[in-house]
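Okay, so chain A shows up in both of these, paired with chain B first and chain C after.
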Partner chain A sequence: MSTIARYWAWIAAALALVALPHIFSSGASITMMSLMGFAVIFALSYNMLLGQTGMLSFGHAVYYGLGGFITAHALNIIGAGKLPIPLPVLPLVGGLAGLSFAIIFGWVSTKRAGTAFAMISLGVGELVAACSLILRGFFGGEGGVSTSRTSTLQLFGLSFGPQIQVYYLIAAWSLACVGAMYAFTRTPMGRMCNAVRDNPERAEFVGYSTQMVRFIAFCTSGFFAGVAGGLAAIHYEIVTASVVGAAPSGFVLLMAYIGGVAFFIGPIIGAILMTALQISLSDYTGAWQLYVGLMFVLMVMYAPLGLAGLLLMHRPLISAGVFSRLLPGYALAAVPALALFAGAVLVIETAHHLLVKASDGPAMRVFWVSYDANSPVAWTVFAALIATGFLAFRRTWPVVSGAWHEATLEARRKLAK
Partner chain B sequence: MSAPALQLVDLHKSFGVTPIIRGVSLDVALGERHAIIGPNGAGKSTLFHLISGRFPATSGKVLLKGGDITGLPPYLINRRGLSRSFQVTNIFPRLSVFENIRCGVLWSLGYRYSFWHLIERLRDARERAESILEQINLAARRDVQAGLLSYAEQRALEIGITIAGGADVIMLDEPTAGMNRSETEHAVELIRRVSEGKTLVVVEHDMSVVFDLADRISVLVYGQVIASDTPERIRANPAVREAYLGTAASLEHADA
Partner chain C sequence: MLELVVFSSLNGVLYGMLLFLLASGLTLIFSMMGVLNFAHASFYMLGAYFGFQISRYIGFWPGLVVAPLLVGVIGALVERYGLRTVHKHGHVAELLFTFGLAFIVEELVQMVWGKIPVDYRIPGALNFSAFTLFDTTFPAYRMFMLLMSIGIFLGLLVLLTRTRVGLIIQAALTHPNIVGTLGHNVPLVFMMVFGVGCGLAALAGVIAGPALVTQPAMAASLGPILFVVVVVGGLGSLSGAFVASLLIGLIQTFAVALNISLADVMAHLGVTLTRESFGGDLWMATVAQVAPIIPYLLLVLVLIFRPHGLMGNRDT
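The block that comes next holds the complex of A and B.
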């Protein structure tokens, strides 16, 4: 295989990152793509623990957040002292901060695996969150730590004032970090992470200290989380105590899991999708977190391999050329699924309106339809949508699974030839 | 005279107040194939766990090639050249067969915790893993996920992982358990081949395997070695016959 062919995916990704702001050139979309960039790094760093080494952490935002705080402080020191350090290297400061704190906290927490590790990570998260309220000098109290990215040494006339320049800075760091984390999965260390995930006892009997494997994975993960936090600090020019709290630690778990922890690409998909949802959905509905939570529960129950798993399970059928046989079944099942979905959304939105926006009166609008939130007719229609959607979905689902079965058999037959 | 490959000195192990291993002393010479037999519950697997570091001993010593390994964690014992298999198959189920073996060779080739080598570029690791795959007859199953192998194949893989690191003391815990006649014959052939020039300690229930394979046999009853000798003399030993007949007789009583 030629070098070009081996790296075509990376070259394509780089070209896409360069081209994207020219296609989606509005300020809002460039901001969103910037957010996606460090979310991808953060989610992938989390999956080094969960998907690759089998460590469930409830406190990963500690390394992201502390990376952000140290970067903001470093920016302020550099700005005040006119130190000759350019902005593009500052995410490295965040990474080293994440790494340092991961060494300290990881030394304790990686002595244990499984549930005990998860508990310790939760405890460390709470500890740092509590400190953020006490150490006001470092965490900046309720106002957080403000900084300015434009006060550093300027190279090639780049001020990093305009968002587009920040986008390219984030894109370059994202691509480099994704590449580095991908390479990590293909090293002896990365492979032993998988071995420890699969069977820690056996790993000990082929010469590896599982504690050391967990520790190194934890530190590496902390480094990349810190880089992501540093980029976030540069993007927002402010870091508040909420970034080290439980909410972002939970959100990174959602991003990685919904994307699919068993695949390298999973957390990338999850981070992009969840960032888009977080921003766009919150424009439409105050109950957006409820939707994200429901989506997570449904994924855990029915699609534990995540979105990447759902997509990649089609790959053998596509390469065998039998994918089109699934489409009639999918189209058929989509109708009741949509009805069920619409019914559920209407119930949630109407309930949300009555409970949260009661002072606005009962008149409301969802899906281009205006109605009275107290009307029994409306509620009857919602219930009917949910009930018929649910029952019809159960009737049409065998068509989908039957089509799957046949397409898989056909694909095997074609492969055997 | 060189030190024995493995030397147990008055080893004891109790779980709570229950003594399981009650003073085992045993020498296994370099290059010897040594079998440990005994009735169910005699403590054979526990003895394996004590030697390989899975459990700490209550008292006594374990010496590997003259060096004290008592109380060391399993990975340090493995690095000193003792490798073991498990009675219940203990593999990396989500990794491919090839990756299972490659995980077994990495430490011994000096790659340790390296994240600065790309694993696909390590020719020595690949070639070593491939040659092990040939030895255990799983080359054709190379890319299959290990958890999907048949039982006998998983047992072969278990042995493959055990020998992959090139340890010179190999311990196998019931390698033929649950196999049919022809699978057992294959397994014995495999064990003979891979233990060539090495020291082998094996726990086994199948007496034909034991007498076929072993240079020496130790009989463990109630946590004590009641005899340690050549197969012929073990066969003729009245104490051994009594221990086996005794349990057989008492089992019949229990059933009746």
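The block that comes next holds the complex of A and C.
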């Protein structure tokens, strides 16, 4: 019984992964879930550096991308030589590639911590991105390296042609990797990473080499990033030089941070949310990256613990049964917050329409309302929404923080009994 | 050959001085606040675009003054209302804040001015050739850029070493608390330095915009080079940043002019290498093709063999 209780979250996750394609069975949603699968591995591997060991990296896509390239090349070699290697083990090739490159680059970059490490990682990222223009044989030049996942040895009649089979492959690897990465946080090594993050000086005094701890964490993280890259190569069947560039390195940072780097679950939330946003929001608005950037900056400024932090800070209040006391305050603050949000979205959308889609004429439609983008009335309404929203939010916020304070005190009192 | 050396040196010094205009602000901000401003190159880009927009209405010369002032004010506001809020969460949060800012600035620039380069022209008064040497002409605008950046460099040097303001800034670099105790408003000094640093970056943008290309990717392509300059020179060292700027400016300009590959060198030694031999692409790559990598190789080498940078006195 106790074993089942300990692993119920994992069993539930496995069941959910099996059941999801039956609930959301359209082709688009299965593709999206596949993307989420390797995004989760990638974001968690990134958080092994940032959240667990305190290393801010601006070049993590190097290991993801190189893992993908090596997997694609391996697939092509296997396909050409008819080697008896089945597709499901190929992400391991990507992982080992990521690990090897992490050993090479990590040896240089983990000598330093903090800001210097961040800059070296950026330099290594730029170095590899610039190399992709020179080593055309390996990176495939402009067109990238294309491959075919169906030309490998087929076991149990699985061809991996249909997307659903690829989804289950990705899901299985994701679950295994998430489990392995969670297990890593519970090992003495994982705990030492936290020690090096929080107090490197003391970790040195206890007798650990902080450089060695950073190096091992870096290599482990490179391995999982490589697995994610390998899965991506299998999913897309093409790898282009842009995957080692600065954009995916930045995006994985956004995923992990918005989700919350202080919690294991944070990057999972971030990866799922950001992948969904990337796919669905880009259908609605051309300015979606601006929204992502603004969300990130607001998170850094006001919610450094990320979405996971915002959710988990309510847990003690829920378990003490005082959560309901917060609801009136939340409801009160939600009104001006929504007005502020709607005003900001309207301004961005209208400006975007006027500037980018000027040829379409001024008529436009946002939030089920049609109006002219250049009408002064509309802009007055936006300004009024933002101004009143902002002022009212500042007035109602003390109510929320007051209710929060009360509820926390009450929860403590209950716990003390 | 002499022609190549003379013109590459001139262009290299020019590029290096431009880099220094940016690196000086970046390194001052870093040594004062410990913030590595990821968005520094974004302020450079904003300067170029503001200069372009102003030049369309009232001409290039007013833009040279107004654009840096505007960007400087924006920079000061960012410090006052953004960075200061984040400061309590530590240096990583500050770095992340400026990273997000760079992201937003790039998106906004794309939205307002489009994704393709804008037509930012050299002012008519400077659209002639300064001199002709060995049948190659050197544009007057490049001469103007060179003189301008040297002038600003000298002005900055005088400001920091010979004036009272410079004295307070230098003191605030090393002993902010004591400067505060003496009655100076240290946060205000920080805000001013951040604003002036951003303004300098914008000035570099205004003068570089017409000569280079004014496009949304200009910040993302220059930003990493800027970091290389600051690290190679030594974090927090102005003289180091100066030397490293010139060094990287010269290396990059000379590298682009050289069209030799390893295979050519080996051919002189009697070894023939083609694209088909082992590691083919590596042998055939010319120095000009490798040029974008050189700064990053330098960065990695410096960090391995001289972690303090060329002239830095603190461990990076």
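Everything that follows uses one rule, which is that the second predicted complex is superposed on the first by the 416 of 417 C-alpha atoms of A that agree within 3 Å, B and C clash if a C-alpha of one lies under 4 Å from a C-alpha of the other, contacts with A are read in each partner's own complex, and residues count from 1 in each chain.
Keep this in mind: a contact is a pair of C-beta atoms (placed from the backbone, for glycine too) under 8 Å apart; a residue touches a chain by one contact, two chains touch by 3 or more.
From a predicted model like this one, the values you see are computed outputs, not experimental measurements.
Novice: Kindly classify A:289 by the partners it touches after superposition: chain B alone (first), chain C alone (second), both, or neither?
Specialist: After superposing on A, A:289 lies in contact with chain C but is clear of chain B.
Novice: Determine, under the contact definition given at the top, whether A:220 touches first (chain B), second (chain C), both, or neither.
Specialist: first
Novice: Taking the superposition as given, does A:199 touch the first partner, chain B, the second, chain C, both, or neither?
Specialist: Only chain B is touched by A:199; chain C is not.
Novice: Among the partners chain B and chain C, which is in contact with a greater number of residues of chain A?
Specialist: C
Novice: Which of the two partners, first being chain B and second being chain C, lies in contact with A:115: first, second, both, or neither?
Specialist: Touch partner of A:115: chain C, not chain B.
Novice: Have a look at where A:190 lands relative to chain B and chain C in the superposition and call it first, second, both or neither.
Specialist: first
Novice: List the residues on chain B that touch chain A in their complex, please.
Specialist: 52, 54, 73-75, 78-79, 83-84, 86, 90-95, 99, 102-104, 106-108, 111-120, 122, 125, 161, 164-165
Novice: What does chain A use to touch chain B in their complex?
Specialist: Result: residues 183-184, 186-192, 194-195, 197-199, 201-210, 212-213, 216, 220 of chain A touch chain B.
Novice: Can you check the complex and tell me which residues of chain A touch chain C?
Specialist: Touch residues, chain A against chain C: 54, 56, 58, 108, 111-112, 114-116, 118-120, 122-124, 126-127, 130-131, 133-138, 246, 250, 253, 257, 287, 289-290, 292-294, 296-297, 300-302, 304, 351-352, 355-356.
Novice: Which of the residues in chain C end up touching chain A in this complex?
Specialist: 34, 36, 82, 85-86, 89, 91-93, 95-97, 99-101, 103-104, 107-108, 111-112, 114, 220, 224, 227-228, 231, 235, 280-282, 285, 289-290, 292-293, 296-297, 299-300, 303-304, 307, 316
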